[in-house]
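Note that chain A is present in both complexes that follow, paired respectively with chain B and with chain C.
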Partner chain A sequence: MSPLLRRQAGYGVAYITPGMLILLVFCIAPIFMTLYYSFTEYNLAQPPDWLSLENYEKVFTNSQLRKAVVNTVIYVIITVPIQTLLAMFVANFLAEYLNNRYGRFLRSIIFIPTLASYVAAATVWKVILASRGGLLNEVLGIFGIGPINWLGEPTLALICVSLVAVWKSVGYFTIIFYAGIMNISVDVREAALVDGATPRQRFWKITVPQLKPIIYLNVTLGIIWSFQAFDIVYKLTGGGPHNGTTTIAYIIYTYAFQDFRIGYASAVAILLLLVILVVHLIQQHFFEGDD
Partner chain B sequence: MIRHERRSVRFIVGLILVTLFALMCVIPLIYMILVSFADTSTMYIQWDDIHLFDFSNYIYLFQNRDFARPILNSLIVVVISVILVDLVSCTMAYGFEKKPIPGKKPLFNMVLATMMIPTQVVFISLYVMMRKWGLLNTYIALVIPLVGAFGVFMMRQFMQSVPNDFIEAAQIDGCSEIHIYTRIVLPMVKPARITLAVFTFNSAWNALLWPLIAATKDEMNTLTVATSSLTSYFATNYGPEMAAATLSFIVPFVLYCFMQKQFVEGIALGGVKG
Partner chain C sequence: MKKALAIILAAIMCVGLLAGCGSEPAPTTSGGDTASGDPVELTLWLPIYQFGDGISDEDFWNGKLDAFEEANNCVVNLEILSWSDYATQIYTGLLSDEGPDVVYVTETYDLIDAGLLAPLDEYLTEEDYEKYIYLDQGAYNSEGQLCTFPMMAGNPCVIFYNMDMLEAAGITELPTTWDEFMDVCLTLKEANPDVWPFISSWGATNGVSAMLAGFWPFFFQAGGTVLDEEGNLNLDSDATLEALTYINSFKENGIFDDSIVSMDDPNGKFVNGEAAIIINGTGNASTFTEAGINWQCQLGLEGPAGLATNMSVDSLAISSYCEEKELAAELIKYITSAECMDDYHTEIYGMPSLTTDATYTEPEPFQSMYDDYADVMYAVPSYEGSASFADVFQQNVQGMLMGEMTPEEVISESMAYYYDQIVA
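Moving on, here comes the complex of A and B:
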């Protein structure tokens, strides 16, 4: 290595070291600590007690946790496809057919729920979905429907929680899709038009294939985020009724920070990590196999 | 280019659907603001109970629930995290993108991989650590998890557009390293830094899980935590809750009104490039 290059490398190390230290200490080290705790019993009062695989064995016989896993999977299955497809259709319409002031106005409105915190979103939706006097039941009442106890029945509550999450995040994905569609070269789209492709053909044969990397990104982000759903559940339902909306992330929170079963909560968290990893690999395989 | 379709039935149906969709996006938030001005001591919210500019729900929050403190806490957390994230992301991105660091590829991949890790995995041990070090209920604790790989990744994308010739020319001219970084590189990526600041602002302001864990004392609660903990006290009285939600929504909303471009471009660029 020449002296000049060596000096540049030295500068480089100086640039990345402070940040790397922060990440190592406060992000990477905790990952391995949690992995270690997952093999122990630890309640913060006494030092961790080595248990080997006992926590993991308990995980598979815990019916509350099994419920949480099922709930989380249902939540992901509802949110990810709906928010991805809805965002794609809306973005496509705005980009292809409404590329004017009104379209841009709609686009900026659709983004607004993304600005609110999940707490604010859940606060409002709790009132809207209230069985007595809630806005939704009032409106449905005009048509002689209801009143429906939206958050009072486990399955319905889980669907409501998922749809509120879609409401909150769909604007984010719309913006990503919109930018992606605008990035497809105009030549490609115009060529399709000249060839007499119908709007439907243009969407499925031109836009969707070209958008594949962006669909991949949005599905990836959607899966990673949805598997960690906590805020909405915490504020909207508190995991209830009858654990109907308890998610894995919510259960980790209660085990770790309400019951202080750090070891057991760590085992569940590591399992969550593995689940996300496996689903991500399956999804990656699915997208690659498509070519 | 698609003019001949303008008046087709398909177009009009689409227009109506997209307009309805946009309405669905904002109606709940408008409802939130309206109810925050309502007298909601009864279970049924009547339209007659809504008196705009009747701030009694807000006054209640400040007088009876000390909301000034959580708002101040959130602002402090936001300011520190915006500065810290900017500092860390820019320096790391510059080092990784423009300097010949040995083994930088695996190092950078390790940084990227942390984005896949669920926050719960990190937070459990981070809590244990902060507790041991006596850092719970400090601003440092509240800010630290906001420093992450995303900012480094995003800034590195933008650093690629800084031409190496510029940096080399400055080096030949005898420009010192620190001058090259602060006078040439940083100004060139300024739009990206503003976007990152807007992002950091939003995630710091809206964060719930970590502040809930790291602030065990009420006086260190952030606005989101304070808002979420109102529930138990008002089983049926929605007014103060909606006022708190409105307060927490209005800050990013005003920021959005002024900086819509930064919000939208940041997300779009992350999507298109990533």
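Moving on, here comes the complex of A and C:
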């Protein structure tokens, strides 16, 4: 290697070292620590006791956790497609038809739920979804529709929680899609216009294919964040009714930070990591296959 | 030049990162006379109890602690914590070895089990045992040593009635038994179908809150004991079955509607006149008075085993790493003395007096309850996995109230979880 290349390599190493150290200390090492703790009984105060596979045996016989896995998967299936498609359509509408000051105002409005804390959002939605005297039921009552027990029925509660999560995150994904659309070459879009492409054709034939990396990013983030759903469940339903909205992350929180059973919570966390990895690999395969 | 600058900055970041990760904690002056003669420092963590417009907890305690600091040549660093995730704040604070020396604790099992609290016996005298009324309600470690010193003992879950609603329904006498209580609820429902006759927080965001006023009073009225002689959870009992069957009868009789499983604010409903009866701690009475509710209350109902209800016992404790435990114990005794607590109960939060020489009395009818019925107020002890067990129990009760489980199934499923997932 020439001195110049060696020097450049040295610069490269120097530049990436801080970032790598941060990544190593705060991301990589905790994963391996969690993996180790998952084989132990550990309460943070005393040294971990090696248990071998005992935690995992308990994990696979935990009926509450099985329900949480099912709920989490349903939650992901509801939230990710809806928030991705909705954000893409809204971003396209803003870029195509409202690329002016009104559009900028609307973008800000859409982004507000993203800025709101989950606690505030859950509190507001709790008032809206209350079965007696709730805003939504009051509005439905005007049309002669009787009160609906939105958060008191497991399936309906899970759908409500998922839709509140979509409401909370759609603004964030809209902004990313919007940036992606504005990055599409003007030449391509003008060429399509000149060729007489309809708005629908422009969207499906130009915008969507050009946005593929952004779609991949948003779907990936959406899946990861949805699998980690906790705050909205914690504040809106507490996992109820009858475990109808209990998620994996909610269970991890309870085991780790209320019961301080860090070893057991780590085993559940590793399970969640594996589930996310598998889903991510499937998703990656899907996107690569499409290429 | 730019490259050199970038490398220097990168190197500084690396060193900073490594220094941050590897640095030893600075030696603390907490607990012990310093060589330089500086005053000893103690760190005190208390939760917020001032929920009204009066003097803040911080101002109150700083005012009181001045005398202690002067008498003992020490500095007490006070920190007032919010109630949000309180147990987690305390646990993680005590883990750091730089957290509190003296701390207010609620759930004690995990703290004692992890060895985070110091035994107090050697700092207590016979006089203390005579003077402090609730000392026997403290929590003990496996060696039978007292580890917590009760500071707030009381706030029993009592039944509040909206007397205007009861009178409008033609009810002139408060019920005393389970059957009479059910009859009153049915009468209220018939008289005014738009309000909840009786309401419970079975939709609370955690099981501990849901069980507090929704389950434990009925459990104790049915003669239940929370732990057996070995300290294991004892909910696989006839008392649990009787309590759950009674709770379920509220749903079967239409007293609870479908929304009971998502109900997390019964206080708000009672204050707004949307519910006629609730069970809640006596500490809520002032809120009801301020809201203009014409309320009356009674300690509880006579269940199959007689009159009973649950109360809270929260305590002060010394961290195991505290180096000045004797001084910390003195601080605890000072805080819980009549000198402090008489004013605290008047200005911050009313509770029964802790010592025989205290002069504060709770407003009626609560003082009479403490005087006449102290022996039927039971504290719910802390036990292993209490938070997640309570969550599971609450979810199963929700299943029962939705008609998906029987009371027997609630018990068997919950206890199976306790044995298989918590103590296995």
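Here is the rule we use: the second predicted complex is superposed on the first by the 257 of 291 C-alpha atoms of A that agree within 3 Å, B and C clash if a C-alpha of one lies under 4 Å from a C-alpha of the other, contacts with A are read in each partner's own complex, and residues count from 1 in each chain.
One rule holds in what follows: a contact is a pair of C-beta atoms (placed from the backbone, for glycine too) under 8 Å apart; a residue touches a chain by one contact, two chains touch by 3 or more.
Computed from a predicted structure; not experimentally measured.
By the touch criterion defined above, A:R261 reaches chain C but does not reach chain B. Once chain A of one complex is fitted onto chain A of the other, the partner contacts of A:Q283 are absent, as it touches neither chain B nor chain C. Of the two partner chains placed around the shared chain by superposition, chain B is the only one that A:L135 touches, whereas chain C remains out of contact. When the two structures are aligned on the shared chain, A:Y234 is found in touch with chain B and with chain C. Of the two partner chains placed by superposition, only chain B is touched by A:L98; chain C is not.
When the shared chain is aligned, chain B comes close enough to touch A:V90, but chain C does not. In the superposed pair of complexes, A:N149 makes contact with chain C only, with no contact to chain B. Contacts of A:L272 after superposition on the shared chain: chain B is touched, whereas chain C is not. Once the two complexes are overlaid on the shared chain, A:N183 sits against chain B while remaining clear of chain C.
Chain A residues in contact with chain B (one complex) as well as with chain C (other complex) are 11, 14-15, 18, 22, 44, 132-133, 234-235, 257. Of all residues in chain C, those touching chain A in their complex are 3, 6-7, 10-11, 13-14, 17-18, 21, 85, 87-88, 91-92, 94-95, 110, 113-116, 203-206, 258-262, 264, 274, 385-388, 391-392, 394-396, 398-399, 402, 404-405, 413, 417, 420-422, 424.
Every residue of chain A that touches chain B in the complex is listed here, in rising order: 5, 8-9, 11-16, 18-20, 22-23, 26-31, 33-34, 37, 44, 86, 90, 93-94, 96-98, 106-113, 115-121, 123-125, 127-128, 132-133, 135, 167, 170-172, 175-180, 183, 186, 189-190, 193, 199, 214, 217-218, 224, 227-228, 230-231, 234-235, 249, 252-253, 256-257, 262, 265-266, 269-270, 272-273, 276-277, 280. Of all the residues in chain A, the ones that touch chain C in their complex are 11, 14-15, 17-18, 21-22, 25, 43-46, 58, 61-64, 126, 130-133, 149-153, 157, 234-235, 237-243, 246, 254-255, 257-261, 264. Those residues of chain B that touch chain A in the shared complex are 1-2, 5, 10-11, 14-15, 17-19, 21-22, 24-26, 28-29, 31-32, 35, 43-45, 88-89, 91-92, 94-96, 98-102, 104, 107, 110-111, 114, 116-129, 131, 144-145, 147-149, 152, 177, 181, 202, 205-209, 212-213, 224, 227-228, 231, 238, 241-242, 244-246, 248-249, 252-253, 256, 260, 263-264, 267-272, 274.
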